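The following pair of complexes shares a single chain, chain A, combined with chain B in the former and chain C in the latter.
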Partner chain A sequence: MNAILATSAVDITSPTIEYAALAPILIVLGAAVLGVLVEAFVPQYLRRTIQLVLTFGALAAAFVAVLRARGTVIVAAEGSVAIDGPTIFMQGSILVLAAIAALVIAERHVDPAGDSFAPRASALPGSEQEQAYTRLGWLQTEVWPLFLFAVGGMLLFPAANDLITMFVALEVLSLPLYILAGMARRRRLLSQEAALKYFVLGAFSSAFFLYGAALLYGYSGSMKLSGIADALTADAGQNGLVIAGTALVTVGLLFKIGAAPFHQWTPDVYQGSPTSITGFMAACTKVAAFGALLRIMYVALGGLRFDWRPMLIVIAGLTMIVGTIFALTQTDIKRMLAYSSIAQAGFILVGVVATNEAGLQGTLVYLLAYGIATIGAFAIVTLVRDTTGEATHLSQWAGLGKRSPVVAGAFALFLLAFAGIPLTSGFTGKFAVFTAGIQGGATGLVVLGVVASAVAAFFYVRVIVLMFFNDPAVDSRTAVVVPSSFTTFAITVAVALTVVIGVLPQLVLTLVEQAGIFVR
Partner chain B sequence: MNPMNYLYLSAVLFTIGALGVLLRRNAIVVFMSVELMLNASNLAFVSFADIHGNLDGQVMAFFVMVVAAAEVVVGLAIIMIIFRTRRSASVDEANLLKY
Partner chain C sequence: MTDFNWLLALFLAPLVGAVAVLLVPKGADKLAKQVGLVVSVVVFALTVAMSLQFVPAEAGDFQFSFAYDWIPAFGVQFAMGLDGIALVLVALSTSLVPVVLLAGWDDVGPESRGSVKGYVALILVLEAAMIGVFAATDVFLFYVFFEAMLIPVYFLIGRYGGARRSYAAVKFLLYSLFGGLLMLAALIGLYVVSGDLLGTGTFDFTQLVGLDIPESTQRWLFLGFFVAFAIKAPLVPFHTWLPDAAAESTPGTAVLLVGVLDKVGTFGMLRYCLELFPEASTWATPVVLVLAVVGIIYGALLAIGQSDLKRLIAYTSVSHFGFIALGIFAMTTRGQSGSTLYMVNHGFSTAALFLIAGFLISRRGSRVIDDFGGVQKVAPVLAGTFLVAGLSSLALPGLSSFVSEFLVLVGTFERYTWAGIIATIGIVLAALYILLMYQRTMTGEAPDEVREKVHDLRGREVLAIAPLLVVIIALGFYPKPVLDVVNPAVDRVMQSVGATDPAPQVGGPVAEGTQQ
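Right, the complex of A and B next:
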């Protein structure tokens, strides 16, 4: 009896957790849990202040932890989490983008009734109850813990080194976003509809990812990405299971990225969600999802690249074409930005299909550049309002540059960055991925990308012309609201970073070159 | 019993779930179909765990159950507020956002 107990005690070894390398994720998730406790125990009038301190404190502390982890290359937490150069760069990008987005989310002076979220998301739109909450000036401060949980999931997603961690991270980042999408103060029916669409399609795509993960596990007998790679080396991928598994997992990830033909949710959700949340999820989700896609494609399925590369090339081309063509026909500024973000996802995919180190680096640069410009652009959309809320119809933006040249100028800068005009961050990103694409032998796709960029430049410039060279409608009630220092600071930082990455690309390029490649 | 049969069953369940999401109108039924897909994946995970003789797949099944429970909380909350607002849980009537 004693002998049995003794042997069974030996079998269990306590896992080693590398706390320093995991600190960014742990700090953010810990602060999110604290935020939930604040919601439960702190009186209403104190919550916003405490949540803001918690959120920005956690983001700053996590960023310091990321800086301290620089140069670390380990597989932490018993092989579940890979902390390497690209992960650290992406975690840093996500934290910077999340901090800028948080500034926009914290804005309280743009909407006369309070912040951009419903006073109580549970109150029915237009009900007396809702009006009472609005009169009382209540705020739904649960936004902050949800935001932090989403950021925590995003930090973990590109670092996930086995399929279990990847699936859990995917859900941890998605579930809070489903709720946040449905919490807009204005146009609540649209917001709730966006939440429903995002939820149903998101859960659908997670199920695809999960079944793909099951098939990959069935093929290799291992949840670890390196285990799948070893199994592929052993039999050179001659197995239907691994092909089907790869396809299903890729569908799940491409959905999060918003690549065609899995993009249908993007315009609806981007338009319906509160605009500050749209900026956050457009930028940060894309960084995290591309990180996970790159890791699973390069680390686990690298041996299968001759099978998945043609598939991704077709998807990248289709995504560029769909995003660009549909953006041309949009009349709503948020929908136009949504289709533009689909087109951008196509350009970023060029870096993925390059399957070389330059492609990885280009993708990282592009994601950062795109994220900053996206958050900035959506932050400006929150400022242009009429009496009913945000003025999102393009016609309402006519002549904006004549009345508010600074805001219109900043928006024009972000649009030029999306278009990839030199001396903006967008050019640095596009140049990096297209160069990598040519090196990687995807010349046809790069040519298509350049043509699509040229077409895309048309609808970006069309908005600039509309703002600066058209006269506003006579009965126009559109005005640019002067925001508090939160949004002002966010837009200033976004403008500064967009220009700096465009003028001095070496700053970022050196960082990604130091980042190196994925650890196995 | 041959474990492959469980895999065939899981593929059939997954397909039924996917078709349910695409074809049914009621948000609750759509949501149940998604859960069916998740559970089909679970069946595949535990069958593969049995075939390979390791525990990873069974561990994953527990994680999937927890995640599915969390998804129920979020999903039902969203469907409930939509139902209270519109007096309908049809996914076809949620059509304000287009073009």
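Right, the complex of A and C next:
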């Protein structure tokens, strides 16, 4: 008896956790938990200050931890988290982007009511209860813990090295976003519809992912990405289970990326969500989801690439076409940016289907460039307002260049970056992925991408025309609100980075070159 | 030669000038224009000083070259250098900018949509991009300037242009962007191919010229570059943006657009299409020749039919670009030298035409030809200068375009007699559109409105136009300095393509004097 106890005691070893390597994730999630406690116990007038200190402190500390982790290549936490060059680069990108987005979220000078979030998200839109809260002048601070949870999930998502961890990360990043999407102060119904739509479709896609993960486990007997890769090496992938599993897992991830035909939620959610959240979501989710997609495809399913490459090529092409064609017909600036982000996802996918090192690096550069410009563009959308809130109809933007040349100029810069004009960050990204694409033999897709870029240029240019060449409508009440230093700083940083990555791309290219490839 | 980096200084000077112009306080429009003019004159002086150090005997090599690493990850260098062809085109650009600023002194004012200093700064930025695009010896850098120069032009047309400016600006931008993006695909393809052949990818022009690219690949890459250049130049059927853009922009912008920017297209064909993809160029020659010849005739016919003065001049350019492309793809030394000279001459004569037409239009307040008449009685100097510019455009002997048009035609006859014969018809048509235009606007009875509004050229306007006419006449009588610089570079192109001039036929040696 004693002997049995003794042996079993020996068998149970506590898992080794590499705290230093995991620190960025742990810091952000820890701060999020603290944020919840702050909401529960701290008096309301103190909450904002504490939450801001907590949020920016956590992001900064996590960034320092990422910097310290540079050069680490390990599979941590008993094989469930991979900390390698690409992970570290993506975590760094996400933290930088999240910090810029947080500045925009923290803005309280733009909306005359205080902030851009509903005073009580749980109150029914238009109900007396809601009006009462509005009259009381309640302002939101619950967004901060939600925001931090989402960032924590995003940091884990591209690092996840087994399917269960990946699924958990997916949910941790998604659930707070569903809530955040529904918290807009203005146009409450639209916002709630966005939240519900995002939630239902998101849950649906999570189910796809989970089912796919189950099939892959059934095939390989392992949840670990390396285990699946080993199983593929062993039998050369001649198995229906693995094909079906791959397809389902990919669908789940492509949904988060917003690739066609899984993109339908994007315009509605981007339009309905509070604009500062839209920018955060559009930029950071995409980085994280592409990170996860790259890791699964390159690490676990690399042996199966001749099966999934044709599928992804078709999806990439379709995504470009759908994104550009639909963007052409939009009259709402947020919806236009949403379709534009779909088109951009198509371009980024070129880097994924390249299936070479250049493709991985190109994708990382493109994601960073795209994310910065996206947050900047949505930040500017928050500033252009009329009496009812944000003026998102394109016609309301006419003549903006005349009255606010600096803001319109910054927006034009972001649009040119999206269009991929040389000397902007967008060109660097496009050049990197297209080069990788041709090297990887996807010449046809690259040519399609180039043509789609030309079509896409039309709707970007159209907005520039509207802002600079057209006169404002006679009865126009649209004005650019002067924001506090939060948003000003965010936009300045975004502009600066967009130019720097465009003019001196080597700075970023060196970083991604050092990042190397995925650990197995 | 000193250690002074002439070319880099020349490239940076207008950029510094543009920043200086932007720093001028708001409302000080005159000061902004003065600063701009001084900068552009300094840039021109720099060009002259640099050209004096250029060694014509070695014009086939790149001179004043320098290279800095820019994006090592892609093998991109910030590399510039001038051969003879690039030198004359840079000189064309920097000499036209002060003329344009001076001539268009009152084209933008407080009533314009955009600010005056913005206008001047955009022109200076454009000047830097024009220098960069001709001087780049790194294909990637060339592409960057090729695309980046669209943005200032886009704003110049869209903010300062005429009634349909935004339509014209967008049409211009989208045509150019489409071409540019096709070129981007080809550029990336070229980079990947160079990586396969050399081990590491490069954009260095001199390395790329030596590559032995398989012909099937060459054809695709050639197409990407060629379509971009054909849109830029523009060749029929890619020309429809030009009349709109030229007609809606201010005369100054139209001069830079048609006089210099479009040359990037023909320059690109000569420098990049022919040298990088020699076999593919030979393969495509018949089609290009047909396009060129069609352009000559079609452009001329449309010019004859125009009722709008600026559109008429724009269509004459479509015809002239046909000549330039014809000379380039005739693959003879005479044809290509003639084309290069043509690019210069066309720049000056079109500049004169657009600027004088601009003076006329701003006085009368209308672009419609029928609104004019009898101007030569009211404003004899204006009419006289217009006539000289027009005669140069129709290639009258003694004026500059004659030499180049003659060389192009001779060069074409040597190899493609049919194309030469049809192109000659273009000369007759040119006489028609120029003389008809002159007759309808300048001769006859002057309507009341013309009598009241149109007055003769002012001192400033004469000062702007005079240098153009001097150049037109000087190059008409003595084109040797330009040809001396151009010929060695053309020889290099011919060598890269592997083309040789056809031997003179027995019994009828054709030996026009300009060649060695």
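A few points about this structure:
Just so we're on the same page, the second predicted complex is superposed on the first by the 520 of 520 C-alpha atoms of A that agree within 3 Å, B and C clash if a C-alpha of one lies under 4 Å from a C-alpha of the other, contacts with A are read in each partner's own complex, and residues count from 1 in each chain.
The working rule: a residue touches a chain if its C-beta (ideal position, glycine included) is under 8 Å from a C-beta of that chain, and two chains touch if they have at least 3 such contacts.
Everything numeric in this text was worked out from a predicted model, so none of it was measured.
Residue contacts after overlaying the shared chain place A:Lys197 against chain B, while chain C stays out of touching range.
Counting the residues of chain A touched by each of chain B and chain C gives the higher count for B.
When the shared chain is aligned, no partner comes close enough to touch A:Ser485: not chain B, not chain C. Once the two complexes are overlaid on the shared chain, A:Leu163 sits against chain B while remaining clear of chain C.
In the superposed model, A:Leu509 lies in contact with chain C only, and not with chain B.
Within the complex, the chain A residues that touch chain B are 121-122, 124-125, 163-164, 167-168, 171, 175, 178-179, 182, 188-190, 192-197, 199-200, 203-204, 206-208, 210-211, 213-215, 217-218, 221-223, 267-268, 271-272, 330, 335. Listed in rising order, the residues of chain A touching chain C in the complex are 402, 416, 419-423, 431-432, 434-435, 438-439, 443, 446-447, 450-451, 453-454, 457-458, 461-462, 465, 468-470, 505-506, 509-510, 513. Interface of chain C with chain A (complex): residues 69-74, 113, 143-144, 147-148, 150-151, 154-155, 158-159, 165-166, 169-170, 173-174, 177-178, 181-182, 184-185, 188-189, 191-192, 195. Against chain A, the residues of chain B that register as touching in their complex are 7, 10, 14, 17-18, 21, 27, 30-31, 34, 37-38, 40-41, 44-45, 47-48, 51-52, 54, 56-57, 59-60, 63-64, 67, 70-71, 74-75, 77-79, 81-82, 84-86, 91, 94-99.
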